[in-house]
């Protein structure tokens, strides 16, 4: 585990035996394992070999607890989507958080075109340690969510949309230009990265406080 | 007046005598006059010649009633801005609507980062015939506004912002990809065009109903 | 029905049972139903379940009247295409208007390369409440049409073309920069949105006049 | 003179003495001279040295006949603009044609938003050997003009416009995607190049017919 | 035939019976027929119906002489390619010229990386009325060719290449920025358009000279 | 103070009296004040009015403590720059953190071209609660830094560079595609936003632990 | 062999018999042969005809020694990759160098997210004549490597990544803006070109020194 | 001196005293000094302090020999420009090479539009160790030069041009897609980098041969 969390396997294009071998090595070290962007055809082979693992076909992930202690973490992350087509990216984020031992709350389909939906569910996310907000098309949701909370928001643009959406670039630019100050952005469709960033914030909040070296101002 | 409204003078780069000449010709025909993108140095010369005109230095417009009957128009257009830096574009839209004889309501600085601001003022715009919504940065406001009303929304991206804003392209793409069905878009900073479109809708609503030719299905 | 019209089902990637369920709920409320971007394989299943519905395979739509009163609407919308390859987008717009209870007139293949074709058919569209103009390649048609009428024009760029067309971006930019003042734009291939915007204008024209709140200028 | 016409001086950034020297050398060979993109501050110096030259301040050109025979050329080129802001580019094209000894007809401000203007002047350009069509904003004019004539059209996008115009890219893409088959395109604001291409066509039409080498199919 | 040449059928997506019908109508008028971008599966059907036609599978064209007189045209067009992968676009241009009754000379695989190849074949193209130059990758060939001749060069960028080629945009930009004055450009892969432009130049050179109307300067 | 921190004044284009008025209102409420993107000409006027404030001319900020308790915050943020030209953006981040009551450590000029510089200073940043990493040109520094730490990294691309840098887009894309999992990104030159995000993480770490509502999984 | 090395066959789209013919001609001249971008289906046919050749299925190359003397070359090229998905491009580079008779050292999977990996292997590449560095995603590796060596670095961006990676454009821009002075760049995925450039440097270092002509300063 | 050459001072925005200090430190170590992108106003101050230095106002460089031995280097670099407007970039490259102790030959204004100019001067560059080729507009020159030589070519796109040149992007893309195998590319206007890369090749050719470590294949 580099700096606390073991390396995650990017499954795209990796053959089943190569992934099996990596997981076996991680398990031998007592580490938990996470595979993302898993080829659907590879999943049954992995499940056969590691029957206690969790395969999430929507999020295209494969997750296996390690022998070591699961870190326990106070607080939770709310993972919020604009529409149901953003689900695979949200699932990838949630699986990443589960692998990090961080609790999650899911709030789906509260995109800005139905402006009453988000505030109705505010109680579910207002106490979160941080938020992951997933949106395609115009990517406006993180800006709106950012206005309702004081915690950090990790925004994930998705490639959901067509035409001038440009494969997610429209949502990405929108999020980078957010007028809400508490919004940072990860790559298009990068559910893993958003989950990981939010998880790092959550685990640090639960950890004993770090202390500075020599002499910061 | 081509199809009901006289031609508007695009003031950019036009010398004062040329504009004076155009306005004089329009006034001679009894038409109202509107100049947009007026060079600030040209304004005093025009005002000297046409003392009853309205010069809007923020919107960079110059407007003069015609001798003919002002069309009277029921209904009104709400012109809404996200931030105070979007004001010049909103002023251009309002002056255009004033020139068309259409009443306007102004709602400023209700951008999405402060999500309580817009619903608080909903009563002021919910009965509008159409809306003009002006926003820079991430351009999310028209999508949110579109969810609160059933009328047509004309969205105007502005070049307000920096970095990945790309001179207004981020807001433009955001608005084109709006998940609200009742949003159409005009060019970046095109306050005139947005006002004109909204004004056409308002005047048609007030006009005696048109009737179709021969045989539409 | 949010603000007058029920929500439209975006069919892309939705399985048949999910769509059936949504339609049944809408019908139970007495609402009309519209599905766009329908997967061709899903259509027969829907038709089997709702035999009185209209399936438009070119426009990829599925439409079903509600039990409630069809709103009757004076006026009509002309839907104009530049070339025959723009047809699917025009069909989507027309189906949307039919679902809204708005009459349409179709004028096909009057692109600018044959400049005599459009004026020859002017009588068919000059009295329309608003126009939907659909064009790919250089997207010049809305500018030209805009010069022939005084009503609002909703321009839809299509992804028809090749090379420097960039999947419809060339037509989109062309329409946004239109020198005609009465042109607003929707996303590439967004026939539904264009139809919806035009339909809103038409139904408002027919509706009892809205009146302003307190005190617009 | 390389292949019939002497080299043209691109004036941008060239100091007066350097330009004087080049012109003197050309005149010594009996050639005609043309300077484009001339710095306004350099013009008086050149005029002082070559008093019989023609300085066009709008087109930013400087032109001087050669001692040799002016080629006489039948036919003519029509140079057409969409709006009055496109004038400098059209002037550059006309001066280039004058330097090549080719007659020109000018047709200004016939952009597509006023669709009656172009056909009214059709008699002035229908017999031209080729056309130069200059347009900014949406760049639709060459497509429309191309439908009225059977001769080659050289389209020049200009950087006139704002916002999504992208410094002329919108007009350029529009012209490249023209649905008219007889339209070829030069760089943004490249009045010289458009004039030169049209002039080559005109002079070849007037020249004794070329004949092929050995064996084309 | 609009302005001298009948309309060309853009075959993309058109079913066989629709194309057969168009060709029959053209033949009934005595016109020649040309189909471009023909679906390979449609070709045998057309050939069965019109056995005397020429099907070019590389250029994806289908061509049929008309009953009327073939125009005879002096001069010829040289069609030059940079590499062998540019061939389909060159074939489309040649078929278009054949349909217009214009002779062609083909010069293949003379790209700039082998700088001796082009000058060795200069005698074959130096007397051409105009050139069509087809190149992908860096698109440098038209600039070099333009330096060897005094006639108009129609440059066609192709989508041949990978990576930063951007589907032909690299070659397109290169050609638009050509330092050779006698180069105009058509869309990426637009062999038809390049051939048509060159053919118009060739047929005008052979035609009786046009004469100007009233009063050009 | 919305959600814990008062609103920050975006100084760009705001006249001195308007800023004075906002600060006075904040101070009256006991809030701290921060102005960013301050016009250099406005600074002396503000300093005259609020002599105890801190004006940072490099970061273009103006900061004034509130009457209320300064929140005390354990931990610290390391603000790291690639080169000395990135300094203004780093200063804006540091001033924002100072205004939030968060300690900072500065590490300058450790860009990747001198790969020994960063590890030499690792002790100064390895215990930070979060990092702000500021880099222009190729924007590689956040990826490298991300590999040295387990905490969240907020990456800020700057517009430092030329040519294919595209005003900071090259660095922005680089950071979004970082192979390090712990990197999230803000807009180009957005020092304020990066500081604010890092400050939120630091203050949450110091705060009493939040607890989840009803029922997260 | 043009200037020392025979021409390489770009295999994309070339049928087996055409490639066989080219190789036979090269072998007849005693030249070595190299085919890149080979269609996997063509490989067995070539291997059957030339059984002593080397087929590299990962790099998609086919290589055959010539009858002539293999040039012997002192020094070596280190080919370094950021991740295992960059392997095909690295293989293409290595095969090109093998064909040129240049020794190579391979260093895989030393991307910047694991910053300890590269310096650990520094002894393997510090004495190389030049480096080929292959990286996708953010393309930061060449900048870091460039800081460790004094020799020329040829950087190859790969199309590995997703979202804002834009098919390799992110890595390409990153490399072009490298703050390391000793980095030059080739096209996305252009392993052949990078290997060829590095090989030219290596063979010149081994060659008898060239000497200048007449009079350089 | 890192890896053989001392660090170069990027002068952009650095005040005179800061530059003086850096140079003094380098001179104290016996190193040679080079400043690039020097502010013209700073030059006289530097010259006053270091009277034996060479200030190149066109290339915007300032160069001072070190006390140590000038490395002597066999071979030479040819620096070739397409047009006279490319001169500043070429001067920067030449000054960099002079500072490295590498001889240069200059060949100016041999752009492809005059295709006879380059081969006429071939004897001056055919024996160079490597070439630096500088070109704006369509950037075709490196491809052509690459065909005439067997040595490495470092291509530098310049921002010379207008319109679709996009500030040098057209030339950059052209060079990256070069069909010549021996061309690598540096950033737009990066004369220093091109000179440095070429100088590294030249000095390695002159140096005692490096030898590989342990065991390359």
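Order of writing sets the chain letters: A, B, C, D, E, F, G and H. Residues in each chain are counted from 1.
The working rule: contacts are C-beta pairs under 8 Å (C-beta built on N, C-alpha and C of every residue); 3 or more make two chains touch, one makes a residue touch a chain.
What you see is a predicted model; the values in this text were computed from it and never measured.
*Asks:* Given the touch definition stated above, what is the smallest step count connecting subunit A to subunit D?
*Replies:* Contact-graph shortest path, subunit A to subunit D, evaluates to 2.
*Asks:* Report back the single chain whose CA centre is most distant from the CA centre of subunit E.
*Replies:* Of all the other chains, the one whose centre lies farthest from subunit E is F.
*Asks:* Select the chain at the greatest separation from subunit B, using centres from the mean of Cα atoms.
*Replies:* Most distant chain from subunit B: G.
*Asks:* If you average the Cα atoms of subunit F and of subunit H to get two centres, how far apart are those centres in Å?
*Replies:* Centres of subunit F and subunit H (C-alpha means) sit 38 Å apart.
*Asks:* Round to the nearest whole Å and give the separation of the Cα centres of subunit B and subunit E.
*Replies:* 47
*Asks:* Which whole number of Å gives the spacing of the CA centres of subunit D and subunit E?
*Replies:* For subunit D versus subunit E, the centre distance works out to 24 Å.
*Asks:* How many angstrom lie between the CA centroids of subunit C and subunit G, rounded to a whole number?
*Replies:* From the centre of subunit C to the centre of subunit G is 53 Å.
*Asks:* Going by the touch rule set out above, which residues of subunit D reach two or more other chains?
*Replies:* Expected reply: 2, 114, 147, 163-165, 169, 172, 176-177, 181, 187.
*Asks:* Can you list every touching chain pair?
*Replies:* So the chains that touch one another pair up as A-B, A-C, A-F, A-G, B-C, B-D, B-F, C-D, C-E, D-E, D-H, E-G, E-H, F-G, F-H, G-H.
*Asks:* Please name which positions on subunit B make contact with subunit C in the complex.
*Replies:* It comes out as residues 2-5, 8, 74-76, 98, 103-105, 123-124, 126-129, 147, 149-152, 154, 172, 176-177, 181-187, 192-194, 196-197, 200-201, 204-206, 209-214, 216-217.
*Asks:* Quick check on the complex: what are the subunit B residues that touch subunit A?
*Replies:* Residue list for subunit B touching subunit A: 82-83, 111-116, 119, 137-140, 143-144, 146-148, 161, 163-166, 169-171, 173-181.
*Asks:* Could you list, by residue number, the parts of subunit H that touch subunit F in their complex?
*Replies:* Listed in rising order, the residues of subunit H that touch subunit F are 2, 12-13, 157, 159, 167-169, 172, 187-190.
*Asks:* Can you check the complex and tell me which residues of subunit C touch subunit E?
*Replies:* So the residues of subunit C in touch with subunit E come to 85, 114, 162-165.
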